[in-house]
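When the chains are written out, they are named A, B, C and D in that same order, and each has its own residue count from 1.
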Amino acid sequence: MSHAVMTIAQLNTFLARDFPQVFTPDSAFSIVSVGYRESVMRCRFDQRHLRPGGTISGPTMMTLADVGLYIAILASIGPVAMAVTTNLNINFLSKPAPRDLIARTKLLRLGRRLAVGEVSIYSDGEEEDMVAHVTGTYAIPQERAGA
Amino acid sequence: MSHAVMTIAQLNTFLARDFPQVFTPDSAFSIVSVGYRESVMRCRFDQRHLRPGGTISGPTMMTLADVGLYIAILASIGPVAMAVTTNLNINFLSKPAPRDLIARTKLLRLGRRLAVGEVSIYSDGEEEDMVAHVTGTYAIPQERAGA
Amino acid sequence: MSHAVMTIAQLNTFLARDFPQVFTPDSAFSIVSVGYRESVMRCRFDQRHLRPGGTISGPTMMTLADVGLYIAILASIGPVAMAVTTNLNINFLSKPAPRDLIARTKLLRLGRRLAVGEVSIYSDGEEEDMVAHVTGTYAIPQERAGA
Amino acid sequence: MSHAVMTIAQLNTFLARDFPQVFTPDSAFSIVSVGYRESVMRCRFDQRHLRPGGTISGPTMMTLADVGLYIAILASIGPVAMAVTTNLNINFLSKPAPRDLIARTKLLRLGRRLAVGEVSIYSDGEEEDMVAHVTGTYAIPQERAGA
């Protein structure tokens, strides 16, 4: 197993510049750790993400998974602003608790053109009970030769 | 083909009360039309939804599709606050233009317990070129007998 | 709308040579029609495809959809033996009747590298009631320059 | 972690009677092991499952995953002939080697009505390199009270 090619600090700088809409200073999302072909993200519990019944919304979890995949790719191949999601499939498994979410991403395939990964989402501290499971595919632009 | 059982005005009132996080007065999402087993939604173009390169973000489109499915279900069976998404699959097809998005939802199946639908997302005025395609499943709570 | 670049007869010859495992002379699958970015396939009703309860099996429908997508691609860009499925998502909607299945495929995107399509599967003669809905992605090899 | 409620021998007897089309005496599929919420299946390498280039076909892998999920459910809740797949999503990751496939299934959720699982497919002896990844949902009939 090799190492990540970007640190969390480098990723944060890159994302703040290239995704100011998502990675605002008060963003609910933060990077917990990265490695080669993997990332762990946290989504801070926040009233704005709630659905009726007090649970965290589906779109918040889809966003979290999409970002987790992107960061696992960046951490593995370096800054590629134009990598784009081509497919994302999510299964919602159980009602999340009213607390932070943790998203663990593993890339199942990291090819030259396509990266495929899975993301397991849990309520913080309750990792025996998965809240949602995601698989997603990113297309990687070919002009990254110099990256 | 039968008719919708809720009007757009009734849906807006229901959503504002039960989903104040999403359906704020300044929400980018609005209902264009509803019918039995179908809905059309608009997502107003807004800088906050952009990705690098100036395109609307994937999570915005996933949210739009999820809401379009939910509204098609509400319009067909009446107010069911606790219907929940169990699966959502999205294929991103082309880069959206910097303008409003239109999401056309059709329910492919409306059973007692599960509803399955598809959502076709376009840039407003460019319906020959689909931007994203979504299929999703909602579980319908059984206690809706009195709804 | 342009035309298919291969006829049904050309497709049958190509498939019999390159996919003798699936397109045997007694195969249950046959091409009904093709066009640019579309195909219609038939799956003959056959006891071997049954599940308990007498319905056609899920794997038969997944195979039918995968083949329908492949044929729509071949019909649009010419013989590309090495195009491979990268993702397939199927929703089973209703129990098929004990009769032939019809699969209508439309390509939603036909890029240089990726083709994405949807397949609607019906029991023959009952097209108001969809049996299954599929979306799938094929990767197209780049060495098809001369195709 | 509790135990499987059916043995491999009991599962084979059940499947041979209820799925004679798939579980023929010369079937390529066999159960390697089962546990509570999990199964391991083997698909014997066989010329009939090949695609051009000598690789095992996508539909063979989809069938293997569908069966692996079904057997993990049976092993966990007992014989339920009428459990049906409602959704299956497969990502094809790398070209399988010309040898047996191994499919490892884990149920991520086992509710009263819906079971959701994931299946990791490998070439036998090459488990560091996943060939395909599947998630699937089964609907469980409610009349299983007496099962």
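Basically, a contact is a pair of C-beta atoms (placed from the backbone, for glycine too) under 8 Å apart; a residue touches a chain by one contact, two chains touch by 3 or more.
Since the structure is predicted, the reported quantities are computational estimates derived from the model, not experimental observations.
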Of A-C and A-D, pair with higher C-beta contact tally: A-D
Computed distance of Cα centres, subunit D from subunit A, in Å: 29
Distance from subunit D to subunit C - Cα centre to Cα centre, in angstrom: 23
For subunit A paired with subunit C, centre-to-centre distance based on mean C-alpha positions, whole Å: 34
Contacts with two or more other chains, residues of subunit D listed in rising order: 86-87, 89, 91, 137
Arrangement of touching chains [line / ring / star / complete / other]: complete
Contact set on subunit C toward subunit A in their complex: 86-87, 89, 113-114, 137, 139
Residue ranges of subunit A in contact with subunit B within the complex: 18-19, 21-22, 47-53, 57-59, 62-63, 66, 81-82, 84-92
Contact set on subunit B toward subunit C in their complex: 89, 91, 93-94, 108-109, 116, 118, 130, 133, 135, 137
